[in-house]
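See below for the structure under consideration.
In this document, chain identifiers A, B and C correspond to the written order of the chains, with residue numbering beginning at 1 in each.
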Amino acid sequence: MASLDNTADVSGTGKVSLSGRNSATPKRRSGIQLAPYLFLFPTVGLLFLFSILPMLSGFWMSLHSIDVIRGTSTFTGLANYSQLLRDRQFGLSVFNTAWYTLTVVPLIVICSIGIAVFVRKSRPARVLARVGFYIPFVLSPVVVATSWRWLLNEDLGVIDGFMKWAGLSTIPWLSADFPARLSVVLASVWNLVGFYMLMVLAGLSQISQELYESARIEGAAKWQQFWHITLPLLKPTILLVVILATVHATQAFETILLLTAGGPGSATRLVVQNMYESAFGRLQPGYGVAQAVVLFPVILFVAWLQMRVLKQEGVI
Amino acid sequence: MREFYPRFTCVLAYLLIIASVSEAKTLTVLLLANASTQGQIQELLKQYSKEHSGIDFNVSIVQYSALTAKINTLVTAGQPPDILEVTTAYIQTYAEQALDLAQYTNRTELLDQYLPSYQAFIKSGEKVIGIPIEATINGLFYNKDLFAQAGITAPTDPANVWTWAEFKEVLQKVMKLPTCRIGVAYDCSVQRWSNLLYQANGRWISADGKEILPDRDAAREALVYFRGLIDAKLVPTSSWPGKTDGGPLFKTGVTALMWAGNWELKTLLEGGTLFQFGTTFFPKNKIRAACPGGEFLIGFSKSENHDDAAKVLLWWAQPETTKRYLESLGGSLLSPIHDLPINYGKYTEYLKPMLDDLNATPQWVAEDLARPELNLLQNDLLEQLILFSTGRSGLDATLLQIDNLGGQVLSRAGH
Amino acid sequence: MSAEARRKIGSVAYDFCALAVCLVFLIPVLWAVLSAFQPSRSLFVFPPNFDPRGFSLDNFRAVFATGDVPRYAMNSLIVATTSSLITVIASSMAGFALAKYHFLGRQLIFLVIISVLLIPLQVLMVPVFLILKTLGWINTLIGIIIPPAATATGTFMMRQYILGIPDELLEAARIDGASDWRIYWRVILPLSAPALGAVGILSFTWRWNDYLWPLIVINNQQNYTLQLSLANLVGTNTVEWGTLLAYATLAMIPVLIVFVSFQRYFLKGSLSGAVKG
């Protein structure tokens, strides 16, 4: 049977690619199909009601100066936005977020794929390991932050204790800028890798085992199998992980807040924390949302770019 | 048949009257998460329900860090709680919307029963915006075992309190011990550092509310001294700026001192420690000062049952009720009402130096701490303090930055 | 040594490596769990002494004294289960539409869904609260089940996975006269079991650990979830560390049970053998 172009090679004939393009869409030519819209309705409806609508309302808020204490709100137009342009703290938080995202995303991609490939087998030890790697994701942010804080304690923590024993100088994990940024990245990757591992595991299951079998019979080594079978077929999943990791990284907030509260000075203050503090610390909710409104198109553009780039490689 | 309608109407009227009379009002209460007190507050509210039929409470508990978010959301949506528990940092922030208790009772009588510091917290112009339910005060804890090893005794007489220089010496001496890894566990917050500012006889915001850090010399002294403590590693970097809580650091048993407050006593005494600990007086610079704190209950003038809320608050303000509450806590928290004999139980000896510090603290300290602008600026001020104490910013640059920050907020407040 | 034996040893060695790495990876968790067993006076002691003879269940007992914990657990369970179910169905439907249909606005809707991930609810609590108030969902469990049930992440995951389902299968079903819903129900769902399993587990985890939504919605202690109750151990001035660590340890267990039960779904090779050449 001729295998159609762009289909995953389940017949074992050796051709491997993906049904990315919907070449075999339903044939109804008469009028607009209702089906896709109906399928999309629950999700889009809920997202509209509880995410998009609040955002639109928030945009309206950002055009005002809201006095929470007195309960008044004055229309100020784009005043919040012009203030943003001059806000150095905002600029710094954007920089921190960019740095954080660029560091976290590659680490997550590499670690989640590496771990997923490792724990895929059904052997008991791997099953245990699977659960083990997932546990940090399940842990309460408070506990994540606390346990890391004690590990990283300069005077009493395990890590610096080890360094002292090894004759190295201790690192001020949470009290100097760069180490604090590293600590935050480390704790975040540790926390999230289980989540992405799950996604990769699901993606890995789409790859037919027969492919590996035939490759092994032909004498391919494990890493060759990985490079030529696993990675190419994981591309949709990799796209998923990259985009989600990027987007989630830009929204990182709670764990970092608990770990460093923005870092010594402002070294680990990311944008969402900045927004939160504007809204609830300095009691300027309009200003807080204005930051979200400004960043929204920027991050969306980055995500769109990523999709474009990965689309070139035949992933979408 | 003719008798039916009159009888029916009577029965109906009777039922309606019963319904309206026995209709219980439910007051919404929002409490701060605090394992030591949240249970007891609810108990006392239950007492109130028993004593005053028709009033019920719907209590929910919120974490301190989420308080602003929750309250602002409720208030903006037009649903403020009937009763809210707040700390000294927040009480004045809601002054405008708070229920004015002076409308329901004699203002002077209500105020006079409280310690001067606490009067400062609950006054807003002519309004009385809340009642203090418990008082806390900063205090100095020390590890008796480590002190004994180092051959140091903590002052037991207010006349012998350490000066700043002596305090530093004590720390250096104890830290020479191999068993001592940390000098003084010092929480990373504006309030803790403010303690030093006050001891140097300076304040954050001038009495007229127009200037920030009006006493420049005091501010400089406090800043330089604190930086000295950090440079000499007497205050660990995991505290400043690492933000590790002082309590756990002190419990490690390798910490000489903890600059905290009487709220730590409950855990230390009830949970126990593997070492002996004690409390002592704060060091002094120009004056003795410690930061008073505490919890307050306030109402909202726009809440659904604000009249009933006022009654509850005034009931709580009665000395007997306050006393009942404090003693139900076991005595770890102090009385904001002056001359109220509370049985502090096993906490008594530990509270003595703190109470003494509280009495020695001038009233303007509480007024300064109550300023809502200080609360608004918290995060920014903390950042400046961290930058200076870790040596990344110079003294003048820091003061300049603080001036800018203060200028923005103080002008906005329209003072 | 035969190749077979070498492979076996290799496998065992890999197993050992995996477990060792995993153990090191879990050091922070081990610290937290072991500390939960420490009586208050030994908690945080330096150097730490994790001698099992000194362990106590005080902290665990204290957990149950914080409030009506079984009730909070039940609330969390109801919320997490119901919401995950809704999420799995809603996101697979949406993923199917985005992956296998050409329709007007396809790319736009996809982008809009992704963009939702960029909306920080933390600063939008007031509008969200007002919407929920209008719906009458304040202080109800529905208010924390339905709103967060639609997730962009879940939808994206389903879309990517369904893209990998060969169109021939859909064609075949269509030729057989199946309606769109039937195709979804009989073809797509079974074939996307791995992704469904993953989305199910993830959304259960998210809803179980949700803090922001319950914070906005719930005002009544009866409707508290475990996370809300746990968070209240972080007091104004002090934190009940022992109780908190014990609580967090216990709170992890249901999610891990769900993970272990459902993980077989995403380890099957679902497509092998579906279409033979």
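Just so it is clear, a contact is a pair of C-beta atoms (placed from the backbone, for glycine too) under 8 Å apart; a residue touches a chain by one contact, two chains touch by 3 or more.
Because the structure is predicted, anything quoted here is derived from the model rather than measured.
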item	value
Chain located farthest away, centre of chain A as origin (C-alpha)	B
Pair with more cross-chain C-beta pairs in contact, given A-C and A-B	A-C
Centre distance in Å when chain B and chain C are each reduced to the mean of their C-alpha atoms	38
Euclidean distance of C-alpha centroids - chain A vs chain C, Å	15
Separation of chain A from chain B, taking each centre as the mean of its C-alpha atoms, in whole Å	39
Chain B, residues touching no fewer than two other chains	69, 72, 76, 181, 248, 252, 254
Residues within chain A bordering two or more other chains	150, 156, 276, 279, 285
Chain C residues counted as touching two or more neighbouring chains	44, 46, 122, 126, 130, 231, 234, 241
Interface residues, chain C side, partner chain A - complex	11, 14-16, 18-19, 21-23, 25-29, 31-32, 44, 46, 86, 89-91, 93-94, 96-104, 106, 109, 111-124, 126-128, 130-131, 146-150, 152-153, 155-157, 160-161, 163-168, 170-171, 174, 180-181, 184, 194-195, 197-198, 201-202, 205, 208-209, 211, 227, 230-231, 234, 241, 244-245, 248, 251-252, 255-256, 259-260, 263, 266-277
For the chain A and chain C complex, residues of the former touching the latter	1, 3-4, 7-8, 10-13, 18-20, 22-27, 32-33, 35-37, 39-40, 42-47, 49-55, 57-58, 61, 118-123, 125-144, 146-148, 150-151, 156, 158, 190, 195, 198-199, 201-203, 205-210, 236-237, 239-240, 243-244, 247-248, 250-251, 253-254, 272, 275-276, 278-279, 285, 288-289, 292, 295-296, 299-300, 303-304
List of chain B residues in touch with chain C within their complex	28, 32-36, 38, 58-66, 69-70, 72-74, 76-77, 79, 87, 136, 181, 245, 247-249, 251-254, 261, 263-264, 266-267, 270-274, 295
Interfacial residue positions of chain B with respect to chain A in the complex	68-69, 72, 75-76, 93-97, 181-182, 236-238, 240-244, 248, 252, 254, 372, 376, 378-379, 383, 386-387, 390, 392
Contacting residues of chain A [partner chain B, same complex]	68-71, 149-150, 153-156, 172-175, 260-262, 264-266, 276-277, 279-283, 285
